[in-house]
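Handing you this structure, nothing more for now.
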């Protein structure tokens, strides 16, 4: 059945106007997780960060693992949607917004973690460059200072990138809503009218943002990798880390995106918008990244193994044969052995299939970060000073809280903003899916809204 | 004349008696971690005597190796600090400025010698043990890194004294607590800018090596390898 | 802990003490008038004496002004006073030349220990319940005095027993005089690791009943039989100073150091060659080396054999078959017995013969076998054969005694201290006539440190009245009825007479470095006070009112002896002695060495002052029949108890008397890197055989009982040996030591060295079994790795 | 404000309406600027939309980038010079590391400028009650004249109808 602009309007704005009980349950759950984390953090500040399992020499563990993990997840959105915009892949339309939302929120969380993990959180603001009475500025040689700038830029950029296209949708809600909601959205819409000039400027701006955000995203995760690569620590001090981390980040990002889409699809009844084609295309991307990840991992390990430098080999063997071997091989399964067949075989590349693959990838990529950080710190150059690490309940709670916080932000966002860009969907209705004939290569899947529903949707 | 403080550790003299360890605790107000924290790997020893086994019974041998901050000239710990808390003094020491430190622990990871220590909690002394605390050395609060300072308080005191007396510092006029307590003179401290100081003389020894020298950190601590009876006999 | 607390501790000024002092009404803040004038922030160094072991090192105490909560006349309050901040060696002191060992530096924590007894207490609960109540000094002394008086008047004065740790100096003289005048038997001096055997051996070999001094800085070859001379044995600081010199102090001349022992000690770890040898066969091995030298007519010390060498000394003559060239000690014959190959023995002999000046040292475990005396005499004989210096003086020598006033009789009796403790225990247990009715305890803790066979716990339980002068409640003083806490050493007048570590005669002396922190009194002053109250002979024998008066009387005669102090008047001498931290004779020149008693035993036996009393209990060498080789005996059959048990003096805790110091608890043992725990060292192969992994809980059982401790697999120990450090396993010794680890002494068989009767603490056999996993054992190691990059062997 | 407008189902019709209004502007004495076009989505390939196309925002972005980069350079070098610290043998103003800051500041500059340029160009925010009609969100395109001259309303209405509108509406401010 043909979806008209009117139906799109109703379908996509429904979540904004109607709230189910389930929604509130979910919000309550996420909130409680979040506040558990807040409590744990307060306890840590009160008692001293010694309530964590970190020790000498393992000074970083769960904290930085989660930091890298969330910053990695953030590479889903912006990067994907920006690239798809630039390549004018019209199937992107239902995908971009939920992707960009993931980005903004996970960067936010990623940026919070370092603040929790430092010894004196109340002094975190010393990272900010401002003319302080201490007459001392941040040390721009420090990768942490780079982090500060990169993440600040990325957060700003991706937030703008996310919010610009919402303005017209806010306007739509403003015009259809009444009462308080109307007042709120009147402000949010900034007085958007929809004149051709406004549309033109909006699309130009989005185009520039798309161009600008891609290199920023790349730089962010490169710099995160440099937090490690800049130090003379066995298996950290490696030139491959930049691209390795970026690839890993996009990898985990896409996985997170697929998962989120699968959930939204069910919860917000978007079966007719998020269709198999989207999961298939993203699945193909995920497959590519999985292969790329394996390539990087192999390259990194091979170089170490062949070089056979004693300090590095200690970490090498410890992760693949000794204490960390179980985690390591779980990681290999999660990131490669499981997803590749699922995503490689067309028959398995279903919505469920890609979702399962994404699940394993998210787990696997978390493990990857953990395995980069902890084994190396446990085994630095002087064997006498080696140590071991066990997390405590405080760290576990904080980690759970980071997921809770993510869920919470996402839930609230989906309440105020249609998770699929309404006006962009409508553009998809136009002949050639809104693509100027000259550039209509993506036409065959430009408009995916007619014809019977794929079987995998009805259940 | 500006100073460049350095130390020579003669592994042939070191007996592993660990007098230096206790001296350091006493001088620098290093809190005792206690059994539980020590079990977690949080015992603090700014100087430690590392021991490595070589061979098996009955040919087992032990190598003692006192390890303290190497006061690197190109210290990996310094550039990574976002707040300039780990700071390179003009006299070549890797200083840690406690009240600048926000506790990112990045320096500790960057240090290949693992000689930087973190205050996981506020230090604590059971009354009246705190009467022993050295008023010349500040206590470190929770969340900051700390490390060997070459007993900078002693350096400063000696320099001020010398200045008051309008003279240069004499070699061996003062020593860090560890070197002071070392009975077999395995630890020798002094000014590397003074070519005639004992430490400079020993540093030029052909037994001299740098700990993890291959990392290019340019330590100001030199290790003198163990000699053998045969070497000595053959001249 | 919050910031507020932190500010509290960090405030070294009155501010926090004020907060503290306001806790309860009886502690309302009072500020006492300072007893001494100190400039705030300026450190002064005061001389003192280290009393934590018998080496008698000279101290320098860094004193700075601070506010402390103190008790004066029963009143709590704040006082600006000198606080001890750091202990360093006294640079002028002939023994330690400004250096100090780890244990010595921790003496500071004895002074400021949170569990010190701060005032006299009286038992309120049942014996050993640990329940005490506060009591004033007046009441306490009145009670003690009256009990002493009644005991004396009921003419059972000889049922007063005094139990203390061996010491050399005026405290000891005071105690002995008191007991003698009172009519009590001499005091019982007990410590588990006493040196009776070595003193007896040195008397027989060299004519001096004293610990030897080694001038290692001149040595070219050192062969040590079990002596941990760099760690815990004899005068470790002095020996470490010499060691450093002999290693790298002489360009182009580096001595070789060979250590013979069955478990690698801290000292053995520094050896160029480490030779494991069967327990108790060290003497045999030494004679094997001597055999090669004698039979092959190797001329030690090259062509010349200068005067002053130990050649033709009596040391050889006390060994049976020496003159015949020790026919029974051909290396080949010893291989099986000692476990050392003939080739090695021969090579050692040749190496030694080649070098200029060699020295043989024996100490520790070899002496703690039933044949300890034989081993000592054997090594002494070897020493006398090889120690022919390239300069005039041998490396081994003896300190001469400072000639103190008539109060001084500083030699240590040669009766094995286990025997005397045993005597006390038996008397009490069997309720003999004159069984001890009252026991005075000073600085000795036999319940912890005596082997269970002595049954000292039951014995002490039988003694009606026990008074302890201890500063801490330990296993023994917990049994006391009355505790009269002594000052901490740094708060007291101190004196001691080092027995070794220098060739100069040394008499240590120091006034209190800091004012007393608590409501304590110096034990000597208490004794003098009691003597005064008792009156009669006791008062006559001890005419002094304070201990420093006694010290002065003892030291004044030294003024005429030259040495380190050259003063006209007694007062000047007395004050200078206090500033210097004692008196010592001039350093001996090469020739004077003999005359100083520092040199060869020939001179040593005549020179110096050897008070008659000291040698009374000796077996004179002349009367002593030549010593025939004796095989060691062990408690327990090899079948049932396959392992030799080797308890050893711990680097951190000594014989256990320092286990209450947090610094020592957190000091990683340098070989195993263990902290806050006790452990059992076993060979990895043994571990493999018994399925014991690093950190597992193991049980060691002897005939006497069993202990449990975590296992540490160490390549430096023979497969049939199980070693365990002494010091942990206190039931009752302050918050840091109580209930931590296990006490190896508690399973020792009460075997004694046959000739001297001193404890043969290395003669127990044990069996070994895994008793649990790491989680039960809770071994705390400081080191992560044991060797350099272990994974290097991984097959790629 | 008031307005006379009609809603058109497709851009072609809208284009026709716009054209006829423009043609009539002089004769009916109103300014072409008064013509209002509103839509719920962007349209491409029509005169009435593409006339607004411009490259200017790109140039602004580049300029902003340049400014950001310069600021980054000044921030790093000036602060480092103002507080010169000997650090592990690195130079006081290390090009390599400062380059990273400069880079990030450059991108930030571009991004922020783009935002500003968009808001300025699109006249946002603007909370005056502009003419609007919810129906544009159902895909219709609104074409009308703001504040039309009283006497020519009938004429305008007919022209709007001719362009293909079923009905012509009056707008008299937001009703809420």
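So that you can tell them apart, the chains are marked A, B, C and D in the order they are listed, and the count of residues begins at 1 in each.
We adopt the following convention: a contact is a pair of C-beta atoms (placed from the backbone, for glycine too) under 8 Å apart; a residue touches a chain by one contact, two chains touch by 3 or more.
Computed from a predicted model, the values in this text were never measured in an experiment.
**Q** Quick check: more C-beta contact pairs at A-C or at A-B?
**A** A-B
**Q** Quick check for the class: compute each chain's Cα centroid; which one is farthest from the centroid of chain D?
**A** Greatest centre separation from chain D goes to chain C.
**Q** Centroid from C-alpha atoms only, then distance chain C to chain D, rounded to Å. What do you get?
**A** Centre-to-centre distance between chain C and chain D: 91 Å.
**Q** I'd like to verify one number: the distance from the centre of chain A to the centre of chain C, where each centre is the average of its C-alpha atoms, in whole angstrom.
**A** Between these chains, centre-to-centre, one finds 67 Å.
**Q** Express in whole angstrom the distance between the two chain centres, defined as the mean CA positions of chain A and chain B.
**A** Between these chains, centre-to-centre, one finds 44 Å.
**Q** Could you grab the centroid distance between chain B and chain D? Build each centroid from C-alpha atoms only and quote it in angstrom.
**A** Chain centroid spacing, chain B to chain D, equals 65 Å.
**Q** Any chance you could list the residues of chain A touching two or more other chains?
**A** Residue numbers touching two or more other chains: 48, 57, 136, 139, 141, 145, 382-385, 387-388.
**Q** Check each residue of chain B and list the ones that touch at least two other chains.
**A** Where chain B meets two or more other chains at a single residue, that happens at 48, 50-52, 76, 79, 84, 121-122, 141-142.
**Q** Using the touch definition from the top, which residues of chain D touch two or more other chains?
**A** 85, 87, 90, 97
**Q** Which of line, ring, star, complete and other names the graph you get from chains that touch?
**A** Per interface graph, the chains form some other shape.
**Q** Mind listing each pair of touching chains for me?
**A** Pairs flagged as touching, ordered by label: A-B, A-C, A-D, B-C, B-D.
**Q** Where on chain B is chain D touching in the complex?
**A** The contact residues of chain B facing chain D are 72-79, 84, 87-90, 218.
**Q** Where on chain B does chain C make contact in their complex?
**A** 10, 12-19, 21-23, 25-27, 32-35, 38-39, 43, 45, 48-58, 60-62, 64, 121-135, 138-139, 141-142, 177, 180-186, 224, 227-229, 231-232, 235
**Q** Enumerate the contact residues on chain C facing chain A in the complex.
**A** Per the touch definition, chain C meets chain A at residues 1-2, 673, 783-792, 794, 796.
**Q** Mind listing the chain D positions that touch chain A in their complex?
**A** Against chain A, the touching part of chain D is residues 36-45, 48-49, 51-54, 57-58, 61, 75-76, 79-80, 82-83, 85, 87, 90, 94, 97-98, 100-101, 103-105, 107-108, 110-112, 114-115, 117-119, 121-128, 130-134, 136-139, 176.
**Q** What does chain A use to touch chain D in their complex?
**A** These residues of chain A touch chain D: 4-6, 9, 129, 135-137, 139-141, 145-146, 149-150, 152-153, 156-157, 160, 164, 167-168, 172, 175-176, 178, 182, 186-187, 190-205, 208-209, 212-213, 215-216, 219, 223, 422-424, 426-427, 429-430, 434, 436.
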